[in-house]
């Protein structure tokens, strides 16, 4: 079954029970380079594998970019 | 009997039961030109005659001066 | 007979023996408002009537204009 | 016999017949470092030995100094 | 160019001296003169009175202070008929919003008006204003019904915040109070004038009349001058000069300056020269 | 403020302390107004006439040019009563001393006066003056009895040389003619004012009245303004503003500015505040 | 003059190029280069990398943004070995203290360091900082253990307040972000440098290396440059030039400038000239 | 940053985009360093020698003076190996063209070269140059085969005349000699740089390295610095700083500055912020 979540402001349907680590992998994102905020709470990289995503969750996947 | 009050930061001994109007008169100050703060409460000029001063009261007698 | 002169840099044919005063009149110019240089010599206004123009003469007829 | 000359604006008495080279040597000045103007004429360093000084002559002995 | 049809030029100003309807409104105050005149540090009462007669301001600033209990409290304002002026008491001396609010209350009691210049000093050495205190005092006093003119730095965002807080005018300083150093930051001052809807009054640090005129040419609503007049060698003539300069600067603003050209352009005709070789 | 009565002033200043006869003398010319008004590039005769009425100068500048032979030579000065002004013809258009001298002779014949503004342009692009030509023309014309006002750059030594050559006034430019860029070199302009004995008139490049006032505050004897008025959106009001600003700046110079302080100094008393903790 | 005994000159700087112990310390950061290098708006990754190689900064700024979910989130920092630099993430984009605090938390998670440049914009048009928001964010983040470098206006009192709030450095802007207009308010910038104990880093609006050097000569601790490098015609050479200019300016500050003289003083001897009349 | 290797640079710039041979040619002189170093007024021979080692100029200026007849004529140049430098003797002390020409002849005899800096002072108080004398000396010496670098004011037309007279370089002063006041007239200095074909060297009055860099950024060919180094608290470090700043300024000129924007432009991306309300 799939659930609806919001990633970086966009609605996405993902597998129920997916972890953050799995989500990143499915998006082809290397976990080492990003910061993830899960329902407004920042996850430590070490916790990506344990963090399960529920229906309606909001995720922000962020990284450093050029800035002044 | 006299009471001790503070006027403009200085200790003064005055007659018990004196009014603000009488205090100003005794100091040769024209009531029309000043603002009086009695225990941090601003008095209207019309109330100077009724305002009785108690022992320990604090008065500020202020006026406009040159400023920028 | 006519002669060829230069007035303000332009070639003109005028009557032989014409005076500066007559030239100005023919051009509808009031003598009081101008300065005339006749063959590089400045004429006094009083001399306009006597100053005869010869063939090949150069005249500058000048006036004040707005300037800074 | 001695003659009176002016060197750098000061009067000096020197031996009659002295050359510029000898004058510089007597003043302990190395010829290689100076320019000499003899009666307003600049001498080449090679001519110092031949240039004889006469009574009343004026000499300027100059060198480079710090400047901006 | 048909001058009078120019929409940037009020018709009234063409015919008369100062535009007859070019009054500055701030709350209840309506000022024809855009020179706000300080009253501190003058050499004598007489000089102050003569300065005001020379400069002819509509609004003057005042401070509120303890009356000296000996001598009946005579002061430099004694000789003045204050009723001829719109009074702008200040909160000078305050270093917190609370103190400024208290002084505003006292000033209201003394002036029977709700005009107040909020001044909260944040640094004793430079007398520059405290951003947070100024903003808080402005908010509270606006809430209470005061018409607040807020003395501030040349910080653009703070000026915007003061406007949002309801200030009737915002008063950025040209330079620290009393220095007469003149306008230190033309860029910010002009930005504040451009961005705000409320009148911008340049306060503090002006040194000479030309600087007052310059502010007015940029579109400042008014200038406040104290030290530059009070400490001039001849204060009365300097007061008059400031009055004239403010009129000139305002008039120039309304008239609209010539466009700058980076190429030289002759003022006299380039054609019509007598032949050089003749 | 009763500036409308006479912006060129002395009446008012007589009472108070400014010099009661503050006229500017250059050769035969005696000027009460220290604004010298150009007459070039105005949108119309009417506007020029109204500007002169508004600014009330005593001296105006003129150029001398060929009359157009068609149409009887009407020009923008037609509507003016020149006899009301001290005329200062210029030699604009000259690029050599010889041309300037010739134009001075023509101007003398036209004005019946020996006042002349020497202007020898050395660079067609910037219209900046030619040092050698300006100096030579000045020398020759002074010799011939002219009262020479010499337009020059802000070169200090050249200004000294012009004074030595007998110029009745030296006229350093603020910026290239017609740019309205304003004073580009305050340092040199002030140095020239300080070093010369003859009047220093700031000419060319001023843009707004505040800059004219600033020159006067430094001790300039007068300013010459043309483009900044002629090209303003509302030339008449701008002319009036320049007139007022020149008066203000001169008055401020005579009044003597307050000393600059690098430390802030309160304008309101620092003592006598109500107790904060009571 | 015995140079080395001069107490204002660190002994170390006499012997070597850049003073060997002239490092700038802000919290955990120790910087030998006083040019902080921005990484935004570069034409390409390659150019950015080459600029950093040319300018050799120790500290670079970064922003934190959403990764693009398509394409694996490649960005302009891809080619950089970030571990070679001290990273200074900013809170750019925040318009409230709360947003800035959230971004600081995210940045900390990404950089594994507590260095943060607090930037709270108060006006979308000028991007000038919000006084209250900047101060609040600084207070909270300092409390939480961050080393805060606070981007601020040139408001002197606000700079003092940020220091009191525990900022490790205060970063007044020279001009609005991205304009390259250069230092608009030398007076306030110098006042801030003089009054604060913590390092003052000039941020935003610098246009050319000479301005960076000028800030350093005044005693600024460092400068932050982004647009002036990223948008130069040749960014790499401009980066190198900024690096050199910052070194030059710092060195000049330590060396101590010559006293200004208002009188001219010959550089060559005035005595010893050959007789002119001989 | 490896500035110590060679502050006069080209090696580094060859790789990246600055001109690989950016030498300055004036007559026979070919200069890699664009800092011309004065040698007057140094506290000691040792300091001068160390300054030259630190700044690494190719060209140095000298004066010619009477040797003291007592003591064998030791002077501050004693310790220098002059053969390592291109010598630029000056005519300082001359107040007429004739004196300058005589000094040029003496200098030629001493240096065995025809490079000469023409300097004819027109005013003893400001030491500003005499326009006519400078121009005449330049004409005569160019005729005689000298390579003339002409010290001049910031008068634009005079600069053009000196170029026409054959000067190999024109050297406008930033401010009066020895003042270290810095650039007083940016407008004219830039105009001179733009209008002339020959190299423009900024001479006299610079105070700090940032001003030298600024001149170079405008396109000046070189700067001449003496007092600002000789009178610094630490002349050796200041010499080095000037050397670095001149390199930085030249590099920035070649790199091409970013365009000024009057609107703020964010340095960090405006998109991609985390949702604020989530």
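Observations, loosely collected:
Going in written order, the chains are labelled A, B, C, D, E, F, G and H, and every chain counts its residues from 1.
One rule holds in what follows: a residue touches a chain if its C-beta (ideal position, glycine included) is under 8 Å from a C-beta of that chain, and two chains touch if they have at least 3 such contacts.
It should be emphasised that the depicted structure is a prediction, and the values quoted were computed from it without experimental measurement.
The minimum number of touch steps separating subunit D from subunit H is 1.
The minimal number of chain-to-chain contact steps leading from subunit D to subunit E is 2.
Listed options C-E, B-F or C-F contain a single repeat of the D-H interface, assigned here to C-F, on the basis that more than half of the contact pairs agree by residue number. If you compare C-F with B-F, the chain pair joined by more contacting C-beta pairs is C-F. Subunit A and subunit F have CA centres that are 73 Å apart. Note on chain placement: the centre of subunit B and the centre of subunit C lie 93 Å apart, centres being C-alpha means. Centroids of subunit D and subunit F (each the mean of its C-alpha atoms) stand 57 Å apart.
In subunit F, the residues that reach two or more other chains under the touch definition are 38, 40-41, 63, 65-66, 90, 92, 106, 125-126, 128, 177, 181, 226-227, 266-269, 272, 274. Each of the following residues of subunit B touches two or more other chains: 9, 37, 60, 62, 65-68. All chain pairs that count as touching, in label order, are A-G, A-H, B-E, B-F, C-E, C-F, D-G, D-H, E-F, E-G, F-H, G-H. Listed in rising order, the residues of subunit F touching subunit E in the complex are 1, 3-4, 7, 12-13, 16-18, 38, 40-41, 43, 47, 63, 65-66, 68, 90, 92-93, 99, 102-103, 106, 125-128, 176-181, 207-211, 213-214, 216-217, 226-238, 240-242, 244-245, 247-249, 251-252, 254-274, 276. Considering their complex, residues 266-269, 272, 274-275, 278 of subunit E touch subunit C.
Against subunit H, the residues of subunit A that register as touching in their complex are 6, 9, 37, 40, 58, 60, 62, 65-68. On the side of subunit F, the complex with subunit C involves touching residues 38-42, 48, 61-67, 69, 72-73, 75-77, 82, 87, 89-90, 92, 105-107, 109-111, 177, 204, 224, 226-227. On subunit H, the positions that touch subunit F within their shared complex are 122-123, 125-126, 128-132, 135, 153-158, 160-161, 175, 181, 184-188, 191, 195.
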